[in-house]
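These are the structures in question, set out in turn.
In what comes next, chain A is part of two complexes: it sits with chain B in the first one and with chain C in the second one.
And then the complex of A and B:
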């Protein structure tokens, strides 16, 4: 049996999720034995345009060019994997959705702003069907391997739909709320093994909201600390600025 | 010789981010030599406005996955300057260790996986698996070791979790320090074959004198995390004055001069640092430079990869020294901080303006924030190394193309790709990029 063809693409991103692949170390070589990696612009020169078994797409859609590229990738790919939070939920890019685009463009590009047509920041599934989602900013390497295995076997992959707090408690961390700082763990979907809290920081919500977040409750908890309401909104919107009502 | 060449190399590969090379030669005369940037815009500076200064590190780290720690450190430095916070010695040493690891990791990726394929005549690192499998394995092994060290220090390399304003939310214990030491010793064992690999490369013979810019200081250490801005043309200024060099970017597009200091263009990065500060490198790094025949001042941009190699040795040795000092003295765990967005008011905040200047893998990175008395960002500015190098790359292209006109289109394209790759451009840091493309045409 010939090895399945796999490619990596990026739209608007920091390329950090792709870098996680190079960071796998020698484990990467074992994976490369099982797949035929045909496109990975960051590392490879080859750029064939044929059909693909699996396309990993990193980054958000921010303009018409991204949109056209995404449709072209979808057309030639059997399976499409939204890779990292920029692609699955809009991620940090979608903070831009909180302000009028024209205002932001003017801010960054001054009187050159009109040269850079940008639209609302969108995750991939708002434009094309997506077969697998790998959340996280960056993705959690263990989950990448799990999803790749599932995709190679054409099996479904179930993303945990409980809060980061569950994993956090299993790691026996002292809750950040006891240390008088706010944490988005209660409303954020698990799957990262509470990465940030294990390292002494709070959860910033990078994997997106659980499907039934008690958001009002979370906001009440957050406001208990007498934070400016704008700061609370900012906190909730750091990763979730591209959410549409149908996404919840 | 009269000859027409039109090269439009779309989607330059093996660089971070999207770049196009455009060359147009008519009747043997170069009409156009450009590196066009087509990165999708991400608007980071505007996103920061109105947010807490305590969120800036988390957000700006996401400008670039490759320099995630460098952006974090520049962001933290600018923020701490703005609010008037002074980090302690332990924090500064740990930050330096982190930066050394990132520069090491990035240089290894560049030398082994992005540049070596060109010089070994293969298409990519996959092609190297045939005849140079050992080198690929070594590269992946060393990268993994760097990565593991970053995991211990800050949770992960992309994107660091525990380095924040005020210090670190988690500090390594002595067992972890020993692990870091062991990993660094292992990396050190792989240095001789790494030096040997680069020694065997033969780089294109091309010279163009330009101005080199990097941090400089009056202390004995190779400046990476602090210092003034210095140049090979004798300029020295405080980092707070960075705009007087980089502001050239926003001149009206009728003038051709952007990112200029004393000449039409300047270069930042490993070669600039080497040219300005080679005397301060660790002795082992100086020895490596002698082995591969790199001497300051060097005006061949392709030799940037050689300067990176010299820094690979420097980073490994200096990191080892820092870890050994920590092992001898111990880490004061009571310095760990819990900050969040400073809900607990653990860090005093005042209104102000601050600049961070850090030598990241590709050159000097500047972050600049103005904050109000509550620590809310009023204005943010980030100037990335590749943006500063763009004019210099184009000036190189303008000189290089006429010198190699007798070659085939394919060879010219490869030479230009190699030139651009030598600078290790990181185009994903698009915050300031798009400004540049249209200026001066």
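And then the complex of A and C:
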């Protein structure tokens, strides 16, 4: 079997997901046996220009430059995999969508604002067709491997469409609500093996909402802890600020 | 079968005896008054006062993820079934959990028989422990008579002060008693004390919900279109905790997981839940239980109605786990009371 040509790209992001890939350890060696890695900024200096079998794209689209790059990558590649919340749902970048862009530009760049063009923050699938999604901030390594296997085999990857609570209970964590701490696990789609809760943190909802989430029910649960509704909305928007009605 | 006594001073010795050649699983404490079943090596680690654990013991008979077979497509359709198992003792099972295991036994022995479950089950020794009083207010075991032992164990311990009364229910239990040499014959006083405890229990444990066993199935038949389900649906987050925590829920999905060479791999069985949005979604996108309320109604009917038709048995053990684990506070006893109220 010939090895498929694979490249990793980044748009507006912290490149933390790329680091997750670089940190895979022994698994990375198994992956490199199966693919021909031609571009990966954190690991390689080459920037070839040929056609690709698989393009992994990290980061969100925040301006015309990102948009042009994304279209060029899509043209070059047979398959496109959005990886990391920035790319799959907009992620933390999309917090900017809650305010007028000019206001944010002025706050960040002061009188230089004009030199930094910015637009509404968008995840990749709002601009180009995306073949696979790997959610998470950062991505969960086990899921990356599952998606890569699916892509290599040209099989669909079914993203869990149930709550993080499922994986949390399988790990037998004492529920954060038992500890009187709020947690977005009940409305966030699983697939990370409740990574954060296993490590003593709450779920921030980085993988995006389950389909058809019970927002009113979740707010009722959160407000039982006397949290003001703005705080709740903010919590939900931390990662989900780029959601379009058609994404749900 | 017969009974023996185990003095409490010998309990430490019993655990020591058991761990010598098998894995011993027992409830261990977590924080916030919660417990889980985990492997132990000494008596000190075991919580003898545990309330029902976060996950029920089904996690050992029907693991959340298990490999059913290995496949290799380079060899045609070659498949090799596998069951990973070691000799294991489950210690400290309350009567509700023993009832749950008996329900699973019934389902997996039903045709088509589930050989993975049945093979695995043979490697377990089950040691029960009676509740002299309620674990907490979420429990509803007495309404289903599951606060008392009804078999399903090898040995069953009842705390009578200085000693445990031990009921021996199987040949396996008999051998264990004989080989360990830690048990002593029953005395008339011990028989007497056991009777007394059971009498006290009839006062402590009263049916938690005002309904007779035989009226439960008709209640669910009558309440199919009830508004109670709509109300519950509005609160439910569909997180699936209630089914994963339930000792008698057994729905699963099957997925193939390939190796990197894409020719070999494993066929996995993983837990699924009727509470998930996509559980009842079928080809073409149709979803015949799209509403959360419909899914909760389904869950309740799968405990109190449908198994009565198929197995003449209610599939709720009364452990209270679904109520304890629900952050939306959907409570089994409250649901019953609302249904009873409405159908009066």
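The rule is simple: the second predicted complex is superposed on the first by the 247 of 248 C-alpha atoms of A that agree within 3 Å, B and C clash if a C-alpha of one lies under 4 Å from a C-alpha of the other, contacts with A are read in each partner's own complex, and residues count from 1 in each chain.
In the analysis below, a residue touches a chain if its C-beta (ideal position, glycine included) is under 8 Å from a C-beta of that chain, and two chains touch if they have at least 3 such contacts.
Not measured: the values here are computed from a predicted model.
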With both complexes overlaid on chain A, does A:200 touch chain B (first), chain C (second), both or neither? first
Between chain B and chain C, the one with more contact residues on chain A is chain B
**OP:** With the two complexes superposed on chain A, say which partner A:2 touches: chain B (first), chain C (second), both, or neither.
**Re:** neither
Inquiry  = Per the contact definition in the header, classify A:170: touching chain B only (first), chain C only (second), both, or neither.
reply    = second
Let me test your reading of the model: by the given contact rule, A:96 touches which partner, first (chain B), second (chain C), both or neither? first
Query raised in the report: Touching A:234, do we find chain B (first), chain C (second), both, or neither?
Result: first
Where chain B and chain C land on the same part of chain A: residues 179
The answer for chain A against chain C in the complex is residues 30-31, 33-34, 146, 149, 152-153, 161-163, 165-166, 169-170, 172, 174-175, 177-179, 185-187, 210-214, 216-218, 220-221
Within their complex, chain A touches chain B through residues 11-20, 22-26, 28-29, 32, 37, 41-47, 59, 62-63, 65-66, 91-93, 95-96, 99, 103-105, 107-110, 112, 115-116, 118, 137-138, 176, 179-183, 195-196, 198-202, 204, 225, 227-228, 230-231, 234-235, 238
The answer for chain C against chain A in the complex is residues 30-32, 34, 36, 53-55, 64, 234-241, 244-245, 257-258, 260-262, 271, 273, 275-278, 292, 325, 327-328
Interface with chain A, chain B side, in the complex: residues 11, 13-17, 38-47, 49-52, 55, 58-59, 62-66, 68, 109, 113-114, 117, 123-126, 136-137, 140-141, 143-144, 147, 154-159, 161-162, 164, 168-170, 250, 336, 338-341, 343-344, 374, 428, 431, 434-435, 438
